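One chain, subunit A, links the two complexes that follow: it is found with subunit B in the first and with subunit C in the second.
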Partner chain A sequence: MAGFLLRRLVNYVVLALVATFLAFTLASATFDPIGVLQQRNPPPPAASIEAKKRDLHLDQPIPQRFVTWMSGVVQGDFGRTVADRPITDELGRRIGVSLRLFLLGITFGILFGVLLGVVSAIRQYKFSDYFATLFSFILLSMPVLVLGPLLKMGAQGINDAIGSNVLIFVGETTPGFQGNWFEQLGDRIQHLILPTLAIALGQIAFYSRYQRSSMLDVLGSDFLRTAQAKGLTRRKALFKHGLRTALIPMATLFAFGFGLLVVGGTFTEKIFTWYGMGDWLVVGIGSQDANITATVTLFVAVCVLFSGWLADVLYAALDPRIRVN
Partner chain B sequence: MTVILNEGDAAGTTGAASGSPVDAAPDPEKAMTRGRLVFIRFMRNKLALVGLVVIIGMYLMAFVGPLLSKWSYDTQDYSAFLEPPYSEHIFGTDKIGTDMFALTMRGLQKSLIIGLLVALISTSIAAVVGAAAGYFLGVADKTLMWVVDLLLVLPSFLIIAILSPWFRGKSWFLLVVMLAAFQWMITARIVRGMTLTLKEREFVKAAKFMGQPARKIIAKHIVPNMASLLIIDATINVGSAVLAETGLSFFGFGVQSPDVSLGTLIGLNAESATTFPWLFLFPAGFLVVFVLAVNWVGDGLRDALDPTSTRVRRKEKKDTKEKAA
Partner chain C sequence: MTTSEIQFDAPADPVADGPVLQVEDLQVSFPSESGRVHAVRGLSYQVSPGEVLGIVGESGSGKSVSSLAVMGLLPSSARVSGSIKFQGRELIGRSDTELSKIRGRRVSMVFQDPLSALTPVYTVGDQIAEAILVHKKGAVSKAAAAKRSVELLDLVGIPNAAERVKAFPHEFSGGMRQRAVIAMAIANDPDLIIADEPTTALDVTVQAQVLQLLETAQEVTGAGIVIITHDLGVVAGFADRLMVMYAGRAVEKGKVDEIYQQPRMPYTLGLLGSIPRLDFSEKQALVPIKGQPPSLTDLPPGCPFAPRCPMVVDACHTAEPPLMDVDGSIEHAAACIRTNEIAAADAEGAEAAVEIFGAEVADEPEVAKIPREQRDIVLGLDNLVKEYPVNKGVVFKRRVGTVHAVAGISFDVREGETLGLVGESGCGKTTTLMEILNLQKPMGGEISVLGTKSSEVDAKRRFAIRRDMSVVFQDPMASLDPRLTIHDCIAEPMQVHGYAKDEINRRVPELMRLVGLRPDQLSRYPGEFSGGQRQRIGIARALALEPKLVVLDEPVSALDVSIQAGVINLLEELKSKLGLAYLFVAHDLSVVRHIADRVAVMYLGKIIEIGGVDSVFDAPRHPYTQALLSAIPIPDPVKERQRERIILTGDLPSPANPPSGCRFRTRCFLHASLPPEKQRQCIEVEPLREAQAADHEAACHFAQVRQVL
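Take a look at the complex of A and B:
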């Protein structure tokens, strides 16, 4: 099994490298940071434009630029932005902001998605099943860019009804907030609720649909009837034998769901004014900065691939056949 | 009517080989063609029917609606700035006095055209590439599978966003090409899988031994036999294309001014959602309802064209009914 996981890991590292190379090449080929500089008024002197070109390695061919950048990345230096600020300084904070959102979103998404799917499968064609189906149908048709502002409107309504600002939808902390760590934590949670919901609701809808159908397949199977026939309670049979089997096809979905999550995160950050990696991508493309864009791509690739690898581990843990081979 | 319905059910549960004329039991009064059977099955699905009506209504509204309104998207009403909906402006006005109904219809037009074109182009590409990869295997096949894997890591949203500075200021049709260029891979993978099984069927082998060239076999025998899948997929792809387009336009990476789409409208007005909700709610509402309708029609088509996929569900429904009785 260790061999299987190691092989997958190597495969993923290669994919991440290729993805980053592709993004870096595309960005370098389409972006024109010098053009942005030249349009300034008054136009900067030719000498400083030349210096900028040299700073950004624009005089080198693109593959060579990639090698220069990558050899820096290996040593922990992600290069400099067009505005000549080191990327590494900002990187850690932005990754923290985004990862907090992603991890919470995916945890709630998987947990409640699986739960909702199982419940609607067990209580098929009951009211709760129809309600869950409708709920996920609507949410699956509702991109984050609609859901986010809607949540804001809802929060505004709740805040007005209570008469105090309980749910905050701008930024990740209140600027200049003073207090002990407990109050700080409370402040962060107030900021965190809505963005997490914006990400998690879509994930719940996504996973619950698949979990429902995979659970339904298992519910009709013979081994579950056997488990009950040999004297297990229905609950025990369902959760120990049924759910475990029904989770196996879900494991491969997690990697795919994470890709959705990352794209959704970009919208969430923009809508709730968080300065994370998604926001950085928008800034990077806006300022035509190949280094920022490549850094964000590398982050996305590593996230998706890590979750893919985690899915493989999960798959092996759930399905004994993989472990034996 | 009930007689026909039962026949539909019978065909649904026994017709594993969909597409063969055996599917439809002969009716003494009226010959049951496959088209008629599919039509009846589809009409029986209330949600899908509602979805179809909504989609047709939206296309009509997007193109006929602006003709009926006295306001146009490029004229301003200087007596109404930021007015909520009232009799004169049924969707309200924005801050420069443009009628929101006219703007929303114009955005809807663009989004719907883009969705339709992208779906048609990408499904056609998927059919050709997927069938060719499955039929010939070898290098073409390996490349396809690898590209699909890569796209899982590098979301198409990211690639098109990176390329957006390049097609800024050019025709919106370029965006259609870009969206289509990145949407066909997953369908192609499914098509490839189906081709692998179709290739072994007698009629394909017969055609091959009769000396038909490969491209004729693909065009005349393989692709037509996947028509159900392709129709369903094209439908679903309209929804995903509209979502992809609005997502990119939200950040200004997609449709560029002077063109307007639902995405640019939502992007412009998402900030005002809590203060001037009508600016956001109308474009967002049209988007969600359209995607919802497309998903319902897609599901209805799947049930009608490929009843085997829901066989389990229908059988269980019958079981529960028997239990209840």
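Take a look at the complex of A and C:
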């Protein structure tokens, strides 16, 4: 099994390289940072434009530029932005922001999504099932562009009613906030609640639908009847034997959901003014910066491929039938 | 370890003086789109401690539903009323939590399909241990429960139990999984075990093992057993009392011997008469019960069996007859107003059924009067070989082994004769069949149809040969396209072979009549027909091109017994009328004995015995054939109790790694009893097929006759 996972990992490294190369090539071929520079008013002197070209390696053919950039990446240097700031420093900070934002949202999404799905399945065609279905469909059909502002409005209402600014929906921390670590943490939590909710709600709606149908498949199965015949109560049989089996097909969904969301959350970041990876991609394209674009792409590729790998591991952990020697 | 080392409570329980289980006027109904389905309608029975009650009935008779009601495992939509008393305590109306304390501890259950009865994600050992821990939390440690699960697995006959407890269900064969389920069922020394079709999904040799195990389980626990089955053979030797169910009610009950010898309800008579007998050498007339079991949503007044009954009179339609004691017998009751007339008949059991239902033996086909050697060979197999590679690796595939699915088999089927091909699942029957139907050049050996060798024909000729050879599949539900009308289903082969439209339109209704269906139903879809009717449609389609040979792949195994008899009779009638030759693949040897002229027994890709049915069944030479025949229960309680069963150990070895020499030696009782120098011959030399009698060959170094029926 370990060998199998290791081989998969090697395949993924190659795939990540290919994805990044394609993104880098596409970005380098279409972006024109010098053109942007030349349109400045007053135009910069010709000498500094030439220097900029050299700095950005624009005198080299694109594959060679990629090799130059990649050899830096291998040593932990992701190059510099057009504005000549090191990318590596910002990369760490932005990954941190994205992870803080999404880890919590996804965790809640998975937990409550599974729970809601299971309850819907067990109480199929009862009121709670219809209610959960309605709730999910409303959320699934609502883009975060709508959900985000709605949540903000609700939060404002709550804040007004309490008379204090409990739920904060701009940024990650209050600028210039002073206090001990405990107060700092409290401030961060106040900022986290709304964006986490925005992510989690959509995820809950999505996962609960899948969990419901996978649980329904298991509900009629013979082994659940065997478990009850042994003397387990229905509830215990459902959770110990039913849910465990119904989770198997969800593993892939969880893993890839995580991978895609970390960068797919561009709108969520923009709405709540968090400067994470999604936001950075927009910034990179806006400033015609091939290095930023390639860096974000590499990060996406790593996330997606890691998710694929995680799905394999999860599968093997959950389902003994696919464990290979 | 022997059974005595495992501790069970003393079988006699102080509270168990009365019946263990007493069911009174049980009613179960479910909601459905077409109204409420009354699955069980006023059922009463009881089981005494240590007694075995057999419940027999066709699908939909309510036999499983009534047992699930006892366990409290019916879906919440079911409405249950009446009384179910277990050791004097009422079970109906109790909460799931209360019932769960009794389930698995006092009453346990063994289910039909062992393949899906175990949770795939937990080890077998954990699941057995769970059965103990759930009832004895605190009293038994986890380690003790784990140790006990090894003992139980050992008790149910799983070799190397200490290792095997760590296996997951998918690593167990069907028979082993059923053993594990039985281990769970006896883990807490229950007072009642309900076995719902425990052997239906298993091969006959494994069925024999499991039945013996149930008997052992009953001995060690002293529990009462309710065994539910549709197979009258299974319960004949095992049950003490029998209850026959029809349309949600008991229609006859009593002591096993009495019911088999003097059935007093026409339905029971029909059931007994519809079973082909393994132990009858003369041609037997099979009783088909016409029609279908009634729908349980809206039953008309009167006896529910009346529409299918040959003895029906006007009075039968007025009121449903209650279960009444049969004159002059104790504990024997039947629900029929003409019981006494049945009792007055001279014949008994199945013979009475033949008389009352009016069954006939089909004529021999004309061509069968010519001696076999002078008839044409319709299908010939000469040393046919089929192997599959076993590959490993995803990117770089490499061959790591070979599955020898068919390892050189030869037989021929002559005009107007039926060859039965039998064997356990995994023996290569289906592969052989597919190779014949494929008509390609085989990997080794030769297939010839009507004298044409498959290796020498081009695509055009191959297409032409297909006219002479057709097939009927096992599952009548899946083998007809649900979106084609019956007319289109039957017409399709003729369209493919370029028949004129007029010809097709003339022939399709003719075929319908031939298989006993009404031509006015041609515009309907397969979904509107029952299983038996669909199988008739499948036969009509197979006959469309007027073939010489029909290949039948388990054609009746998916049908209920009463329907099965009708289809078998039809096949015999068609054979005689049209002079067909059949290759009949089946695992049910009773059916093969009834329908076939010759039989070939396969084991692990080889034919180990072949010959005329009477010779092979009455004087089997190969130990495997002997074991196979002895494993099949006969629906005759007296004979069944006297029979000595040869129980084969273990499962079929993997065809990827067959044993050297004789392939059967690893499970052979004869081999085990031989002195070492003779054993060496089995291990080193592969036995070849040798003539044992006229038209009877067997492949065994030490072949000898042993009568097992």
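Heads up, the rule we're going with is that the second predicted complex is superposed on the first by the 318 of 325 C-alpha atoms of A that agree within 3 Å, B and C clash if a C-alpha of one lies under 4 Å from a C-alpha of the other, contacts with A are read in each partner's own complex, and residues count from 1 in each chain.
Just so we're on the same page, contacts are C-beta pairs under 8 Å (C-beta built on N, C-alpha and C of every residue); 3 or more make two chains touch, one makes a residue touch a chain.
This one's a predicted model, so the numbers in the text were calculated from it and none came from an experiment.
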{"item": "Touching partner for A:Arg244 - first (subunit B), second (subunit C), both, neither", "value": "second"}
{"item": "Touching partner for A:Val170 - first (subunit B), second (subunit C), both, neither", "value": "neither"}
{"item": "Touched partner set for A:Ser221, first subunit B, second subunit C, both or neither", "value": "second"}
{"item": "Partner chain(s) touched by A:Ile158 [first = subunit B, second = subunit C, both, neither]", "value": "neither"}
{"item": "Subunit B versus subunit C as contact partner of A:Ile189, first or second or both or neither", "value": "neither"}
{"item": "Touched partner set for A:Arg234, first subunit B, second subunit C, both or neither", "value": "second"}
{"item": "Touched partner set for A:Leu318, first subunit B, second subunit C, both or neither", "value": "second"}
{"item": "Which partner reaches more residues of subunit A (counting touched residues only), subunit B or subunit C", "value": "B"}
{"item": "Residues of subunit A contacting subunit B in one complex and subunit C in the other", "value": "none"}
{"item": "Parts of subunit A lying in touch with subunit B, wherever the complex brings them together", "value": "15-16, 18-19, 22-23, 26-27, 30-32, 124-125, 137-138, 140-143, 145-146, 148-150, 152-153, 156, 216-217, 220, 255-256, 259, 262-263, 266-267, 270-271, 281-282, 285, 288, 293, 297, 300-301, 304-305, 308"}
{"item": "Residue numbers on subunit A that touch subunit C, as the complex places them", "value": "221-223, 225-235, 241, 244-245, 248, 318-321"}
{"item": "Of all residues in subunit B, those that touch subunit A in their complex", "value": "149-150, 152-155, 157-159, 161-166, 239, 243, 246-247, 250-251, 253, 263, 266-267, 270, 273-274, 277, 280, 284, 287-288, 291-292, 295-296, 312-313, 316-317, 320"}
{"item": "Residue numbers on subunit C that touch subunit A, as the complex places them", "value": "71, 73, 96-97, 100-105, 108-109, 111, 113, 116-123, 127, 130-131, 134-135, 168, 170, 181, 184-185, 188"}
